[in-house]
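The same chain A turns up in both complexes below, where it pairs with chain B and then with chain C.
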Partner chain A sequence: MLKALQLEPEKCTGCLQCEMACSFENEGVFNPSKSRIKVFTFHDEGRFAPYTCSQCAEAWCLHACPVEAIVINPATGAKDVHADVCVGCKVCTIACPFGTVNYNADSGKVIKCDLCGGSPACATACPTGAITYVDAEHTGYERMRAHAAQSLPHS
Partner chain B sequence: MAWQRKILRVNLTAGTCTPEPLNMDWALKYIGQRGLASKYLAAEVDPKVDALSPDNKLIMATGPLTGTMAATGGRYSVITKSPLTGAIACSNSGGFIGAEMKAAGWDMIIFEGKSPKPVYLYLENDEAQLLPADGLWGKSVWETDEILHATHQDPLLRIACVGRSAETGCLYAGVVNDLHRAAGRSGVGTVMASKHLKAVAIRGTLGVGNVRDKRAFMDATTAGKKTLKDNAVTGVGLPTMGTQVLMNVINEVGAMPTRNMREVQFEGASKISAEAMLEPRESDGKPNLVTNGACFGCTIACGRISTIDPQHYTIANKNKYKGASGGLEYEAAWALGCDTGVDDLDALTYANFLCNEDGFDPISFGSTVAAAMELFDIGAITTEHTGGVELRFGSAEALTWAAEVVATGTGFGKDLGLGSKRLCAKYGHPDLSMTVKGQEFPAYDPRGIQGMGLTYATSNRGACHLRSYTVSSEIMGVPVKTDPLTTEGKPELVKAFQDATAAVDSTGLCVFTTFAWTLADIAPQVDAACEGGWTPETMLEVGERIWNLERQFNLDAGLTAADDTLPKRLLKDAAKTGPAKGQVNRLHEMLPQYYAIRGWTEDGRPTDETLSRLGV
Partner chain C sequence: MHHVVVGAGPAGVIAAEALRKLAPKAQVTLVGDEPEPPYSRMAIPYFLIKQIEEAGTHLRKTADHFAKRGIDLRQARVTALTPASRTLTLADGGQLAYDTLLLATGSRPVRPPIPGMDLPKVTSCWTLADARRIAATAKPGARVVLMGAGFIGCIILEALARSGAKLTVVEMEHRMVPRMMNDTAGNMIKDWCTSHGVAVHTGTKVDAIETKGDALRVVLNNGSAVDADLVVSATGVRPNIELLEGTGIATRQGVLVDRHLRTSDPAVFAAGDVAEGIDFSTGEYSVQAIQPTAAEHGQLAARNMVGLRGAVHRGSVNMNVLDTLGLISSSFGLWMGKAGGDAAELLNRERYRYLNLQFEDDVLVGATSLGLTQHVGVLRGLIQSKTRLGGWKRKLMHDPTRVMEAYLANTQALGFNATVLK
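The block that comes next holds the complex of A and B.
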C-alpha cells in the first residue's frame, strides 16, 4: 500500500521533535536547520503548522532537474534525491511551488523529504499525532469518520 | 559528550568576543547550565561585588541535553549575582534560544564588564559580533524582537533581550526570549541592562551531534517520553490546563496566599483558574486559552497561548494586544490575581502580556503591588504618591495601571520597581514585605504547606518554589505523599528535592518532567549523551555539590543564617480559614535539623568536612 505523511496542524504544539528526528535520521545530528520538515509558528494566531513535501504525483522538482538526480522510489512513491548525481544547481528549489526542496550548503546538494525509505522518523517522533503516516488513498479517513459521527442520529 | 566544549567570552568593556574551551574537569563535577555556570561565576566573581557594577558577570548557559531530542531538552539559564537579593541568581527559561545557542556550537556565553554604549550580541555559529543597539535602547522586548528579525532579514533568528523595565532599573526585570518565555526571577535582566547589553540574537545551524552513544540515547529518551505521556500530570493535566491546574487545588487546601498573604484562600480563585480560561466568553464566544504551546523539544507542552477579551477595557484601541500571546501560568495568575485580590481574568492576562512585553517578573511584580496595596490600605501610601490612583486590593484598574508604569519605569512605577522589600522599607513598614532575602514569594502559603516554609527560608536565591518543590509530595503525592501540615521529615524532604532539582537544572531538561520522572529516568539520558558515568547517585551528589557551592557564594557575599527566615506574618499570624486554619509555619522545628543533615554548623555554614567531601 502506498502511504503518505498526513499533517494535522490543529494537533501541533510546535515542539520541533519532528525536525530533530528528521535531521538525526538524515544527518546524524540534532539540527532543526537541516530538517526536511519544518514547523511554522503563527504567533499572533496562536497556531502551529508542520509542513513538508507532499510527494506530488507529477513532481515539478523531478521534471525540472537537468541531470535526473530526482527519481521516484517505487517502494514508497517518494521523490528521492540521488546525492551522487545532484550537481547542486538548485533549479528544483525554484521549480517546487511549495518550497519543500532546499539547498544544503554543507554538502552542495539539495535535500528534501524521502519518507525515510518508508518509515518516516518525524511521524514516529511526533508526540501529539500531528504527523502520521497513513494510506495515501485515505488521508481523509479520520476527518470523514469525525463527520460521519456527527451525522449519527442522537441516541 | 553532548557538551560542545566551547564557551564564548564577551568582554563588553573592551568590545571583544573570544572563544575558549569548556573546563571539562568542572563539567564532570557540575554537569552544565545551573551547576557549571555557578561554578564559573563563583570562580570569577567576588561575591561581594555590587550586582549592578561592571565587576559582576552574567552567564547564559545550556546543559548537555539542551538542543537534543530528549523531551524538554531546550532549557537554558542565566546566572549572575542578583541585584534584588545580593545572592547568587539562576533563572531558567525554555523557549528556543537555549537550543539555538547550542546548535551554534556553544555551551555558554560569559558576559563581563560594561559596554560604553548599548550593544547587542549577534551570533551566527562561530561568528560573534557586538553590534550597536542605539536604535533598540528604549524599545520593548516585542519591538526589539521585530526590529532584529527585520534588520538581519532572518525569520529563524532566535532572540533574548531585556525590555524597558530593565533599562529603567526595575530590580526584578528578566531576560525574555522568543517573545514570551523568560529567565524571569531575581533581576537577571536588570544586570544585563546594567551592562548596556540589550539583546542576544542567535542563529545556529551546526546542531548537536556529539552524543556519546546514539542508540542508547534514543532508547533512553524514547522511554522517557513514554513515561511523560503515560503520567496523569505530564500527559494530561499540564497540556490541557497548564500549571494553572493548581489554582483551585491550592485554594482548596488553604495554601493560597491572598492579599499580600493576609489570608490563605481567595474567593475569586475559580474566576481566574485553568477552568475559567477554557470557558467561552460572552463577547466573541471564544475562551481565553487559544491553545497550548511547547518549548523546544518538549513533549508535555504546558505553555498557555491566550487572547484578551476584545471588549475588555485594557485593550480598547490597542491593537498590539489583540492577537494571541503568552497567557497566564499559575504563578503569574496567583501573583497578579490572588495576591492583589483581583479576579478579572482579562486584566490579569493583560498585565501578564505587559510582563512579557517589557520583561519583568510577574511573581515579584504582583507581590510588590500587593504590598503596595496593603500600604495604601493602612494609609502609608496615598494617592499623592500614586498620582491619584486608588491602589486598592481587588482593583483591576490599579493592577493594570501598575503594570503600565513598571513596564516603562515612569512615576510611581519606579517605586514599584524596587520590589516589595525596598518598597515596604521606604514607606516605613518593612514587616509587610512578603519576601525572603529580598525576593518575593511564589504561590504556596507555607502555613498550609509546611515544607515550603523551609524551602523558601533556605533557597539560595531567596523565596522560590523551584528550588525544592515539596508541593509535589505534600499536596500531589509525588513521589510519595506527605502531610502538608506536619514538619516531621520535612528537612530530609527539602534537602532531597533541593539536591535533585539542582542536578536536573544542570542538564538542559525542564524540572516539570519530575512530576513523572525521577533521577532514575534522567540519569540514563544524561549518561547516554555524556561521558562521566552518570547514575542517579552521582547526579544527586552533583546536586548537593551545587547547593553547597551556591550557599558558600551567598555566605561569602555577606548573607548569614539570620537570612534563612520568613516574614513574621507567616511565623506568627495563623491562617484564618481552610484546612490549615490556626496554623503558622513552624520553621523553628525544621531549620536546625536541616542544617544538621546538610552537614552545616548550627549557624548554617558548611563544615570543612562537608565542603571537602563534596569537593567544593
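The block that comes next holds the complex of A and C.
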C-alpha cells in the first residue's frame, strides 16, 4: 500500500527540525532554504503549518516538464525529479499550483519532495508527530487530493 | 478508428500518448516534419551552452518509446488537408486518412521585412538545426547581435552570453520582454543585463543588415551601427496555419478552437502554439504559445478526440518563467492588472527584487516577480482556483511575499479553530 505524508498543523510548534532534516538528507547541508518541506508561520495567531508536495494525482509539474525529468516512482508513488535530466527551465515551478516545486540556483535544477525514496527524513525528525508517514488511505492525503481536485478542476 | 496527430512537439506527443492510453485499440499516428526525434525547443538554450547533448532535448528518452506504445511516428511533411474526405496529403505524394485529426503544428519565427535577412550569417533560433549553426559560430569573443528581447529572445540571450559571445540586444519596444513584464520589471531586467556586460538597445529597430568583409554590419534606426559575426533573429513567432488555407476551417491568428479544442470541422482538433484557445483570465481566444498550455491542450484534445464527456477546456492561465543571466522572473495571468482592481507591490531595485500582485475584488488575478524562486507556483494556484482571499487580501497588500501563507490559510485546515486565520 502506498504511504503518504500526513501533515497536522495543529501539532506543529515551528521548531523547523523537519527543514533541517530534509536539507541534510537531500542536500548534505543544514540549510532550511534548501528544504523541500517548509513550515509557514502565522505569527499573529501563534500557528505553524508544515507544507510540501502532496504527490497530487494531477501531477501538474510532471506534465509541464518539457524533457521528461519528472517521473512517477512506482515504489513510493512520488513524483521524482531526475536531476541528471532536468535542464533547469523552471516551467514546473510555475506550473505547480501548490508552490511546492522550487528552483535551486546552486545546482541549476529544481527540487521537490520525493518522500526520501520511502523513508522521509522530515517525519523521522518531527518531535511532535505533526509530520507522519502513514498508509495513504488513513491520512488527510485523500482529503488533500480531493481538495486539489475541487479547487483546481483539471481543465 | 485512426487518430492522426500532425506535429511532434509537446502538444502532439502528449496527445498521441494520451490517445494511446484512452483508446488502446485505435490506430495512432504522429507525424513530425523535422529530421529528429521529437524534441523540446525549451531545451535548446541548454544545448547551446553544452549543458546537455542533443539527446537531452528529446521529449522522450528511449529510441523505441513510440514504437513500444504502438504509436506510429512518421517523419513527413503534410502539404494538404482535405476535410471532406478526411485525408492528409504528404510531401512524398502519399496520403493519410484519418477519423480524427489533431493539428499540433506549432509556430515558426516571424521574419521581419528587413534588407539583409537572407544573408547566411543571419539565423533564427528555433530548431535543433538552427541551434547547431549558432553553436558553431557563437564562440567566445564572437560578436553576436540578437534582434528581439521577447521571451524567446531572452532565453537565447542567456545561452549566447554564457557561451562567451560579445552580445548586443536590439528590441523595438521600450523594455525587455514587453509581453510578459511590466515597465518596472522589464527595465530592471534590462539594467541587470547591462550590468552583466550585454549591450541592450530598447526602443530601437534594425533598419538593415549589410555585409562588411567576412562579417555583418547591423544598421540601427538610431543612426548607429553594430558589427557582428552572427545575427540571431527572435522577433516573435506565428502559428503554422497555412495547411488550413482553403479548407474552410476557421482561423484568426491561430486555429480557432472551442471548449473541447475542436475546430470548426468536427473531426479536426487543434492544440498548442497553433491553437487559438480560451485564456483563463480574459475568457477570450488567444494564442498563448507556452509549454504548460501546450501540455494541457494535448491532454485535453486527446480526451475529446476519443469522445470523453466532461473534457471541457476552462481556459489556460498565461504564465512564463525566465532566467536572464541568473535573474529569475515570472509572470502570471493578468500581470498588467485589471481596470478597477487593486495592486500590491514590493520593490527593491538594488537587489533586483520585485513582486507585484494584481487583484480583482479579493481574488488574485495576476502577478509579476523578479528574484523569486520559492513557492512561485502558488501564484498560479491562487489565480486559477479563484480563491477568495477575504482578510488575507489586506495582509497581502501590506506584505505581498506572504502568498503561500494566504493560500494555506484559505485552503487547508490548519488546526483547531482554523477559521481564525482567515
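For this structure, a couple of remarks:
We take it that the second predicted complex is superposed on the first by the 139 of 155 C-alpha atoms of A that agree within 3 Å, B and C clash if a C-alpha of one lies under 4 Å from a C-alpha of the other, contacts with A are read in each partner's own complex, and residues count from 1 in each chain.
Heads up, the rule we're going with is that a contact is a pair of C-beta atoms (placed from the backbone, for glycine too) under 8 Å apart; a residue touches a chain by one contact, two chains touch by 3 or more.
The structure presented is a predicted model; accordingly, all values stated were derived computationally and were not measured.
Once the two complexes are overlaid through chain A, chain B and chain C fit side by side, free of any clash as defined at the top of the document. Once the two structures are superposed, chain B and chain C can be ranked by residues of chain A touched, with C on top.
Legend: residue contacts after superposition of the two complexes on their common chain; A:Y51 is shown touching chain C, with no touch to chain B. By the document's definition of touching, of the two partners only chain B reaches A:G14; chain C does not.
For the pair chain B and chain C, the model built by superposing on chain A gives 6 Å as the shortest CA-CA distance. According to the touch criterion, the shared surface of chain A, contacted by chain B in one complex and chain C in the other, consists of residues 33, 45, 47.
Chain A meets chain C in the complex at residues 8-10, 33, 38, 40-42, 45, 47, 49, 51, 60, 63-64, 66-68, 85, 87-105, 108, 140, 144, 147, 151-153, 155.
Those residues of chain C that touch chain A in the shared complex are 10, 14, 40, 42-43, 46, 51-52, 56-61, 291-292, 295-296, 299-300, 311-314, 316, 319-321, 323, 326, 328, 330, 332, 373-381, 384-385, 387, 403-405, 407-409, 411-416, 418, 420-421. Interface residues of chain B, counted against chain A in their complex, comprise 67-69, 71, 96, 99, 103, 156, 179, 204-209, 211, 214, 225, 229, 239, 290-299, 301, 305-307, 323-325. The touching residues of chain A, when paired with chain B in their complex, are 13-17, 20-21, 23-24, 27-34, 43-48, 125, 127-128.
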